[in-house]
Every structure is written in structure tokens, then in C-alpha cells.
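The next part holds the structures, each set out as C-alpha cells.
Look at the two complexes coming up: subunit A is in both, with subunit B in one and subunit C in the other.
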Partner chain A sequence: FSPVGKMFRAVVRLSTSGVRNLARTRPCYSAPLSARCYSHAKVETDEEFDARWVTYFSKPDIDAWELKKGMNTLIGYDLVPEPKILDSALRACRRLNDLASAIRILEAVKDKSGPHKDIYPYLIQELQPTLTELGISTPEDLGMDIL
Partner chain B sequence: MLTSRALLRGLKSGFWRPLSSTSSVQAAHGKDMSPDVLDPSVPQYNNRLDTPLSDVPFVRNLNSEQRQLKEKEKGPWTKLTKEEKIALYRLTHELTYPEMRRGSSEWKTVLGGVFIFLGFSGMLVWWQRIFVFGEVPHTLSDEWVEKQTQRMIDMRVNPVGGFAYHWDYVKKQWK
Partner chain C sequence: MAHQAHAYHMVDPSPWPLTGAIAALLLTSGTAVWFHFHSLTLLTMGNILLLLTMYQWWRDIIREGTFQGHHTPPVQKGLRYGMILFITSEVFFFLGFFWAFYHSSLAPTPELGGCWPPTGIITLDPFEVPLLNTAVLLASGVTVTWAHHSIMEGERKQAIQSLTLTILLGFYFTFLQGMEYYEAPFTIADGVYGSTFFVATGFHGLHVIIGSTFLAVCLLRQVQYHFTSEHHFGFEAAAWYWHFVDVVWLFLYVSIYWWGS
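Moving on, here comes the complex of A and B:
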């Protein structure tokens, strides 16, 4: 008999008992997504977050206050909104006949990107169809990005 | 803001331009100075990077030309010229993001003031040195210091790591 084989069997035995121990002392392992023993609250995924905000701005009879509140809240988060959320917000501006807010939103997300200079061009690239359709000029087009 | 105001008063000088918060400058820029706007219990306009859309638009009392532009805004935006779009933006917002982020040259004023006062203090110290202080004691004259140094060498002051350690007694010079 090889000592290696014996070791292997010992390891297997150890590991199975270890697993059983693990299951007994750490019940939170049953949760699929959570890897740590935090509270059992469900964490919203990125897609759910995006969908929620797109729905918020897609409300057909959205009013000016709701647009302002939504936009200010969104800018308060530690993220740059996805193009689809911004698209929804720009269309909300169109429904409210508010071009100034549409341009302001573009300025705000550029500012939100901070040192990451490649985010804003990407957003404009993704939003270009909407911008041309609605006739929204970017701050760069209007010369408002320089002093 | 506070330091430069104090500086103004301290120097009693009139040739600094008043800062932009004076009412005459604000009126020229079309800012609404009516009591309604100055009332803090009513929604205010503010330029904030973290609040892109303010509670109220910057210009609230529109003249007929501006009202016409607002009517045109209800139609397709593709029909608006660039100037009209800029005008619409400026009606709702006072400052653009780059304008909000722009710094000022106030630091130059502050630094200049600091140096002026330091210089003035230096002048006072100099005057004091000439007109207030008496003569320096005779024990600091070159002659006395020479004799004193020779005496310290002869006494072997701090021979291990201090004064006399640096004197070479063989060559009779400093090491």
C-alpha cells in the first residue's frame, strides 16, 4: 500500500467531515449570490437598477418636478447612468418641452465621469440616434464645454 | 471670500473692483433681485454640480421675446438655431458646468496681502534694529572671540565629540 493513497483517503475523509461541519455552522451558504454573511436582504442587480430608472423616466405624463427629482437623485449616486436611462430621461425632457434640461443632463453626466474621459464620448456615441431624432445639441456643439 | 474682505478693509484701498455679489453687478446680469427670490422659504435657483436641475429656472420673468422662444421650444427642437438653444439654456441655468468649476484668482490677492504684511513687519523689525536696540556687547567682537576660541582650545572643551575634538593639536589647525 502506498502512503500516498493512504494520505489521499485521509484527506477525503477529512474533507467530507469538514463539509458537514461547514454546513452545520454556516447556514448562509445556502444563498446563491451572497458570498459573505451579510444580512439576507436581496441586493438589486445592475439590470434591475437600470430597468427601474428607465421605467421612472418613461412615465408618459411625467411632470417637471418628477424629472428634476429623478435626475438630481440619479446624479447623487456613485455611478454614471447607462445610456438607456439617459435616453429615457431625454425623452422625458422632450415630453416636457424642456431643451435646457436635456442639455444640462448631458453636462451633468460628463461631469459625473470625473477623470474617466472615455465615458462621455461613449455615452454620446450611444445616444447619437436619440440626439439627432429629438434635435438635442450636445454642449460641445453649442460651445458650452469651454469657458 | 472672508480673508480678501478683511484685506480690503485693512489696506483701506479703493481700487480693488467690487466682487460680483454687489447688487449693481447682479442687476446687469439679469439676476432676479426681487424680494420673492431672496426669500429662503421659497424654492431658490442654485448652481450646484450635484444638482443639475434646479428647483426654479434662473430667469422667471420672461419678456415677450423670451416667451416666443419658449413657445418655439414646444415644437420640434431640430428647428431651433444654435443661438436659440443657448438662449433657452441660459434662461433656465445661470452657469454651465465649466463655469461652475472655474476657479478664481483670489489666491493671488491673498498671497499678495500676506507678503505685504510680512514685508511691513520686516520693516518694523529693521527700524527697531536701527533705532531701538543699543550696541552689541564687546564680548562678541572679533578680537574677543579669537581670544575666547584660543582659550577653549587650551582648555580642551568637549574633547570627545565637541569643540576641541575638531582641533588638530599636532598640526595646530582645524581638522
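Moving on, here comes the complex of A and C:
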């Protein structure tokens, strides 16, 4: 018996038993809803996500580049940021003397809301104390909301 | 005739390093004079001297290596190191422009509308001419490899054909890019988008022209029987440079044309 022949038979045996195992433990197509084929990576909760971003913008010595990078990354996600995140970002704008970016953030979240026209007024309502405190006008106040 | 007890090449005194240095001085001062006083005299003199220096210096290297046999294996090894180090320095050169691009595009300033591409910039469709350009350069990478194998296998006619094809593809790329530059809806003056786009792709285009010229010189030499199947370092250096140019394009394409749109 050649060692190659033995190896070949061993491989064949392993693969056929493997196929049977596959059918038993991975019933992806006919499984009940509870047996999903998700990856085993840790999933961040909404609260963790929000906290992470509030922390990012709360950095006392955040620099202008980090602010803009953070905003661009945040706006790239498939969500409208919570008021607490926007509040943190607006305060970062205040620390950096960047009024333009503060107003731009409001324009951006209005755009992110898409067809859901009720989100933006809600955000402005939640952020009104902060907007008043920091002296930030909304695009509507400045007549910038009309093209 | 003098003999040496080592395999290295003690080069004869040459005026070309001096003329090259003078050319560099004339080019730099000439550029400054052109900017401030609108005179092209110094710049033109610098360009002529540069071209003469390059022609005569490299002609002398070909004489020393191909005709006089000074390029022994250790000498060739040194030349290889030299070319690799030079290409590495060019990599760092381009790294700077990629840094500038990513700095500007990852964190776009309010003046641009806080977004990338900036407000008002109409980008080029990455799946139109830029994709064709990618295919052209990748194909030229294949043809230059074909040429190399042809040289190594002593296939003279095929080497000439594939090298010619490589150069034609290089010219085609330059032509297409030229058309794109002409038709682009934005200019170098259009904010940081225009600056990063044209400086990065512009220097790349210059390197394509340099690479095509290097390959053309190799074609001339191949036709004139300079290369042997064992010894053709000039061609290898040109091929390495050409692959480097191709890789830079791939990074440009993915970063600026595709991601940046």
C-alpha cells in the first residue's frame, strides 16, 4: 500500500463524514428562525454606539480634522444620529470656533432623514436649549434652507 | 592597457554630473524667473542642458556596459540596488500626494460643504475612461512581461513585437488621459479637489511618459542587438519602473477616481 493511497482514502473518509455533519449542524435553509447564520463578532448595542460617539466628540482637545472626520464617518452610517451625539458635536464646534460646521451638521441630519420629514423638527426641538446656549442659528433662521 | 585586481567599475572622469547640476540650477532659477519676470530664457537653457546631460550620460553608461564589458555581475548588482532605491524614493514621493488627498477627503472642510466630493464638483465616472485606462496599463504589464520572457528565450522578433505593443499601450494611456484632462468639468484651480486630483494624476502621467521613453530606448537597443538572453539589465530596470507606474495608477484609480467619487 503506498502512503499516498492511504492518505487519499483517509481524506475521502473525512470529507464524506464531514458532509454528513454539515447537513446535521447547519440547517440554514429549513431552520426555525432562532438558528441564524450570523457571524460571531460582538454586536454593539444602540446605547454603546451612542456613548462611543458622544465620547468621540467630547474630547476636550479635539482638533478640527478629527471633528470633520468624525462627522463624515457618522453621516456615512445608515442612521440619523441621536440628539445627544449631535449635542456633543455642536459643543466640539463651539470649542473649535467653527460655526460653519455647526450649521452644516444641522443641514446634514435634515438630509439624512430622507423622506421622514418628522425627524428634523424633533431634533431641532431636542437641541433647542443647546442651540440657544451656543448661539447657533438653524439653516431655516438664516434662509439657507431654500435652494 | 591598465589592469585591475577587482570586478568593480572605476568610472572614468565625466563632465555630465556637472552639466546635470548646472541644468538643475538653471531649471530652478529659470522657473522662478519665469514666474516673476515672464522670461523663459533660463528655463529653456536648463531644459536643453538637462536633455543633453541625460542623453550623453546614459549613452556613456551603455558604451561602458554593453560595448566595453564593464558591467560585471557585482557591478550589475549595484545597478539593481540603485534602481530599486530610486523607485523606492519615487514611492515616497507619491505617498506624499496620497497623504494630501486622504487628509483633505477624509475630513472635508466647511468651505467644501463638509462633504467629499466637495459641493459643486462633478466627478469623472470611474467606470468610463478611467476604467479603460486601468485595463490599458494592466495589459501593458502583461506585454512587458511577455517581452522579458522573449528576451530571456532569445526570441528576437517576439521581443520587439511585445515591447512595441507595451509602448503603444503606454501612448494610448497618455492620449486617453490627455483627452480626459481636456474634457474634465473641473480644473486644478477648483479647490482642494482640483489640486489633489491634478497634482497626483499629473505626476503619474509624467511618470508614464518617462516610463514609455525608457521602454522606447530599450526597444531601440533591442533592435540594435544590445541585449543578450542573460544580460539585459537596462530592460529589467525599465520593466520594474513600468510596473511601479502601473501600481501607482491602481492606487490612484481606487482612491481618487473610485472611492473619491
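Observations
Everything that follows uses one rule, which is that the second predicted complex is superposed on the first by the 111 of 147 C-alpha atoms of A that agree within 3 Å, B and C clash if a C-alpha of one lies under 4 Å from a C-alpha of the other, contacts with A are read in each partner's own complex, and residues count from 1 in each chain.
We take it that a contact is a pair of C-beta atoms (placed from the backbone, for glycine too) under 8 Å apart; a residue touches a chain by one contact, two chains touch by 3 or more.
All values derive from a computational prediction rather than experimental measurement.
After superposition on subunit A, the partners subunit B and subunit C are seen to clash. Contact with neither subunit B nor subunit C is seen for A:Asp50 once the two complexes are overlaid on the shared chain.
In the superposed model, A:Gly76 makes contact with subunit B only, not with subunit C. Of the two partner chains placed by the overlay, only subunit C lies in contact with A:Glu66; subunit B stays clear of it.
Once the two structures are superposed, subunit B and subunit C can be ranked by residues of subunit A touched, with B on top.
Within the superposed three-chain model, A:Leu142 lies in touch with subunit B and out of touch with subunit C [touch as defined at top].
In the superposed model, A:Glu126 makes contact with neither subunit B nor subunit C. In the superposition on chain A, A:Ala100 contacts both subunit B and subunit C.
Once the two structures sit on top of each other via chain A, subunit B runs into subunit C at 185-193, and not at any other stretch of 185-193, 203-211 or 221-229. Shared interface residues of subunit A (contacting subunit B in one complex, subunit C in the other): 67-68, 71-72, 98, 100-101, 104, 108.
The touching residues of subunit A, counted against subunit C in their complex, run 64-69, 71-72, 98, 100-101, 104, 108.
Residue ranges on subunit A touching subunit B, taken from their complex, read 67-68, 71-72, 75-76, 94, 97-101, 103-105, 107-108, 110-111, 134-137, 139, 141-147. Across the complex, subunit C meets subunit A through its residues 103, 106-111, 113-116.
Interface residues of subunit B, counted against subunit A in their complex, comprise 49-55, 57, 73-74, 76-80, 82, 85-86, 88-89, 91-93, 96-99, 101-102.
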